[in-house]
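Here chain A shows up in two complexes: once beside chain B, once beside chain C.
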Partner chain A sequence: MAPVLCANCKTERALIKRPKNHAKLCKACFITVFEDEVHHTITSSQLFYPGEKVAIGASGGKDSTVLASVLKTLNERHGYGLELVLLSIDEGIKGYRDDSLETVKRNAVQYDMPLTVVGYDELYGWTMDQVVETIGKKGNCTYCGVFRRQALDRGAKMLGIKHVVTGHNADDVAETVLMNLLRGDLARLSRSTSIVTGDDQSEVKRSKPLKYSYEKEIVLYAHHKKLDYFSTECIYSPEAFRGSARGLIKQLERVRPTAILDIVRSGEDMARLVPGDSPSSCACKGQNTASSAPVEDDIGGCGSSSGRTPGNEMAAMDKQLRENEAHEELEIDVAKAMSERKLNGSEKQRDLPIRNGNSASKGVARQVRGNCKRCGYMSSQDICQACMLLEGLNKNRAQIQI
Partner chain B sequence: MADFKSATAGSLTLTRPCVKCRAQEATLDSRSQAVCRDCFTKFISAKCIKQIGILGKETRPPPSTTNGPPTGTRRYLLGLSFGVSSTVLLHLLNDNVEFQLARGRSAPFELTVIHIDDTPDNQTDHDHPSPSSTAAASEIILAQYRARYPRFTFHSVPLSSALANDPLEPSSSSSSSSSSSLPPPPRLKEAAATTPTAAITMSNTMSTTTTAASRSDLERQLTRRALLAQARARRCQALLLGHSTTALAETALAEAAKGRGFAVPWLVGDGAAPSTSPPLEGGEEGAGGGGVNNEDAGAGVVLVYHPLRDALRKELVTYAGLVDPPLTDLIDGGVQDSKNGGSPRAAAGAAVVSHKDLSIEEVMRRYFAEVEENYPSVVANVARTTGKLVRAGEGAVDGERCGLCGMPLDKDGDERWRGELGIQERTGTGPGFGNRLCYGCERSTAG
Partner chain C sequence: MSGATETAEIPITVDFSGGLEMLFDNQRRHSVSLPAVDANGKPATIAFLIDYLCKNLMQDPRAELFVLDNHIRPGILVLVNDADWELEGEEAYEIQPRDNILFVSTLHGG
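Moving on to the complex of A and B:
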């Protein structure tokens, strides 16, 4: 049997079947194609400007290692003129971060980039291990995610850098899209799909250059470029909605590899269809269970792909929704009945039912950016989420000490 | 406490009284309440009647052709897959009509029931217009439905009618063999002659799609298109679909997974379908509600409603077994597969091993079966919230809609997507649908 030739260069033997579209490529062409696609994403979205100082959020895992490697390559090849630095967060998880931080330190040498490590303990007075000790193994990903997000931004601020890039890949984005659909959280759906979050006005802007890159291709790229990365998953389990969405994504990918990108595409399109005054799931009173996840764009929990805990979040949300239903049955929504009569002719209006008077009056249009009153970090609430979580933690700590 | 006492006092002989009527033994669990059979069936029926009532307000009877007072009745079309949900809906609609008639009122609507015959044999045989064995099989099942619900008219229509110029032609030919109502004279040759392009396009499309996921997706889009074409051709004001809450949630996520996120609000919510004919001057703007009354615009505007949107699939399965005689005798021609509410043939491959033989819809169905079991309200929430998305491209004319599924095209999205991903536009491989295709249809026709 004649060897299959690379579909791209037609000279070398094809060794790689691209997970994205099953194209058969040789090693060199795969690496080139992968880099070209990231380059295309960067240029078409105009992620950088020449001379910009950019911090790469580096965990030592495959995504951020590949991101660092690709950015270094592209920066040199296409003359982006970027000043790249590595920024690492030490969550304080024994057996997870210790080793991966060593990897990041090696990467810093390999890629000749300066490295800064910021610890949760310096920033918050808590390591993740201590958090887990206090609140248990469930729901701690929320803490980790909120803390990390701020940590990266604070670290960047310390270094005087206004742009942080993260290694979120297409699988992560697709997962977040499905998760927000499952949670019925349209407001967050519209925020989670954009490639850049924050703008020139915010102190630190974030982007995800690997947004359209498949996780599997990232692994292949790392493998064939012989990159030095650390592959241990976080030992704490992901929250139920994310875990559930992740399992679903993997199944869909097996059935149809393009499904991941198709979901990303759908997510972007649906984000534009979110009604302006979308009554998000957290608009209704007392729903503190499901909406306690990070308010800010909370894409990609942590690197873990194991552990599908049949979670308490899902059960809690189910319970909450059922209670809401029971209450709704007792209510007569006068406003809705009247507006329905009035708008009988206009189909468009009718499809955007106002859930009840209270969510309408609240009118959570878009979040207003302000600053946290405690730490000064940008936040749409009076007190940012990290400070809220910290407050809860510190209360518990006090009790334990007594 | 007092509540508890009155309950025991009223039902001394009952070990577990129904929480709703307190008069009968509870034999079922409905949304974590113990209820009796009667209360359960009433509950499901009420969910349906509520939606039918909403639809009734949207579709006031059309004015008579002689400019007199409105005399006609509402005309609806029901898509019947022979699955659980659509069969239950048919049954409930029949109940509703009988209830009104029993009270001396006129029937609230006329109903035409259409089964889209998507058996592959039927498609390939369409060039040779002899009634194939599978088409005959669906006629046999249809005969059982006719016998049970003689009030309504039933037709079986081949899937290829989705692309025919005159959707009524092929249907009259295929149903003429056993239709109980007066059939038009058999004109098989002419029927075949009017639809050769459609048949060829169809078989081409189906043969070039190699994966189960793409085939299933196209079948779904074409089935919907065929049903809408029937509704328009038969001047029906609304197309009724049997989707349960669960099915709507599945649809939302499955369509998103197929890149059809832009179409999700059209597919999950109730309201006007994107019209196929170019808008009539002036008339189209308010076509959503008021235009339906207009006889001229009526040809273009069909409402799509899901009257069972508030019932879970498992509830419909239970309901089908409670009706006397049980609907399970009818469903899928008596073949027991209560799990599947949507397309009966997908259930045939329940023991699928290879992922290649699975469709996106099937993956979603399995996933939501699990979620429905444990977190029913989460399922309902998905259906509710995705239905709230804005329907973009509402006034789109022919050129701005997908040539295959008929949904509005997402030009902004297409442009940005191509820009960001550097995807080459497919050229010269269009399977003959004339117009441009949407992202999802391009995906599925590409193989």
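Moving on to the complex of A and C:
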């Protein structure tokens, strides 16, 4: 085959075929376009303010490494005035996190950013190795996911930082949208699509600048920029690798690459139908009208709102999926609730009850935010999830010690 | 003379990254001498290379992490001399001497 020329500069050989629009680009043009699109997401969503201290949740993997690299580049190129630091979580899994933490340490030098590592052991008194020793491999992802979510926030608080960015990409968000759709959890689906989570009341906000970036392009960006990253799979969750939603997304991508961003946008549109806060943090297009489906502009375009819940939630979701199979009444419940509303007549569509996937059968309203009575961490219950899990763990430890 | 064509080999380098190294002896770069033609006498293509790698180079029994339904697993990118194989004809691309073929997984986390 004769070499294809770059559709942009028309001089260099094309090396990349973009999944979102099939554009064939050379290396230099691809890198520029990728960075420009992230810049567009950041500016149109007004993610940062000048002088803001931002912690990059860094695992040493491709996504967070690309995020750190791109943010450093954009911060310098466009004068964001950000103070960037790396924040890593050490779950305490021997043979897994060690190597990736070494990668993060190299990244800290390469990108000239200070690095802080916070460990589950210092935060919770338990390493994941000890958790697995106590409860077994089954269900350990639930613990890890709950602990990690808080760990990033707590790490940021320790540093006096109020904004954590994570490397969640479009594939991740699409995966979460699908999972929440399959669980019938519209409330979480809504939250999972927003680019920013946490509002003025929460102490630490989260955002996902790579929300519209394809995983494929992130890997290619890392490859062509020769970034130093580490690939690993958690030794405790081999089944997550064959993850169902993930496999589905990747198969869809092969048949129709635009499917990934389409799912993200569908998620955003559905989120707008969910009552309550759906912070339209992207000023890009008119989001408040669900009907005006924004046509993607050629620089990446934004939908409405924010991203995904913690990282390692596949296994937890799998578990909940299995549990939910038993709850067939959930379906009936919503249908009934809807028809009841219709009988009442006066209410608008926006007042439909939104279920939470893991709450049995009541049409649950949105969660009310408070603080955990034990640790003070933001929580919708009296005792936060982490403290609940810790209570169980500590009981077990006490028994073992006796 | 005919034996010479049958045993002709193409020297190439094959790279694995993004976690695929673990299936291939934890080694990123492999020098491979690929038979120039397949069993039917057709020129060696990437499809042939993938099959060849599974049979001859893979140390790990978990072939399904590399190949699904006789095709490369969705989520694994293939680069031919740094170019996306989608620009090169994908499985039908005919391997040339000194080609570098990179398999990089997007499926693994950090």
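Following the convention adopted for this analysis, the second predicted complex is superposed on the first by the 304 of 402 C-alpha atoms of A that agree within 3 Å, B and C clash if a C-alpha of one lies under 4 Å from a C-alpha of the other, contacts with A are read in each partner's own complex, and residues count from 1 in each chain.
One rule holds in what follows: a residue touches a chain if its C-beta (ideal position, glycine included) is under 8 Å from a C-beta of that chain, and two chains touch if they have at least 3 such contacts.
Nothing here was measured: the structure is a model prediction, and the numbers come from that model.
Engineer: Is A:Arg272 contacted by the first partner chain B, the second partner chain C, both or neither?
Structural biologist: first
Engineer: May I ask you to decide whether A:Gln251 touches chain B, chain C, both, or neither, giving the answer as first, second, both or neither?
Structural biologist: The answer is both, since A:Gln251 touches chain B and chain C.
Engineer: When the two structures are overlaid on chain A, which partner does A:Asp112 contact: first (chain B), second (chain C), both, or neither?
Structural biologist: The answer is neither, since A:Asp112 touches no partner chain.
Engineer: Considering only touches as defined above, state whether A:Lys17 meets chain B (first), chain C (second), both or neither.
Structural biologist: A:Lys17 contacts chain C only, not chain B.
Engineer: Where on chain A do chain B and chain C both make contact?
Structural biologist: Shared contact residues on chain A (touching chain B in one complex, chain C in the other): 251, 254.
Engineer: Name, in rising order, each residue of chain A that touches chain C in their complex.
Structural biologist: Residue positions touching the partner: 1, 4, 13-17, 24, 27, 59-65, 100, 167, 171, 215-216, 218-220, 223-224, 229-234, 241, 246-247, 250-251, 253-254, 311.
Engineer: Please give the residue numbers of chain A that touch chain B in the complex, ascending.
Structural biologist: Per the stated touch rule, the residues are 36-37, 40-41, 44-45, 177-178, 181-186, 195, 212, 244, 248, 251-252, 254-256, 258-259, 261-263, 265-270, 272-275, 278-279, 281, 310, 314-315, 317-319, 321-322, 325, 344-348, 350-353.
Engineer: Spell out the part of chain B that touches chain A in their complex, as residue ranges.
Structural biologist: 31-32, 57-58, 211-214, 252-253, 255-262, 264-265, 269-272, 286-290, 355-356, 358-360, 362-363, 367, 371, 374-378, 380-382, 384-392, 394, 410, 412-413, 416-417, 419-422, 439-440, 443
Engineer: Along chain C, where are the residues that touch chain A in the complex?
Structural biologist: Those residues of chain C that touch chain A are 17-19, 65, 73-75, 77, 79, 82-84, 86-89, 93, 102, 104-110.
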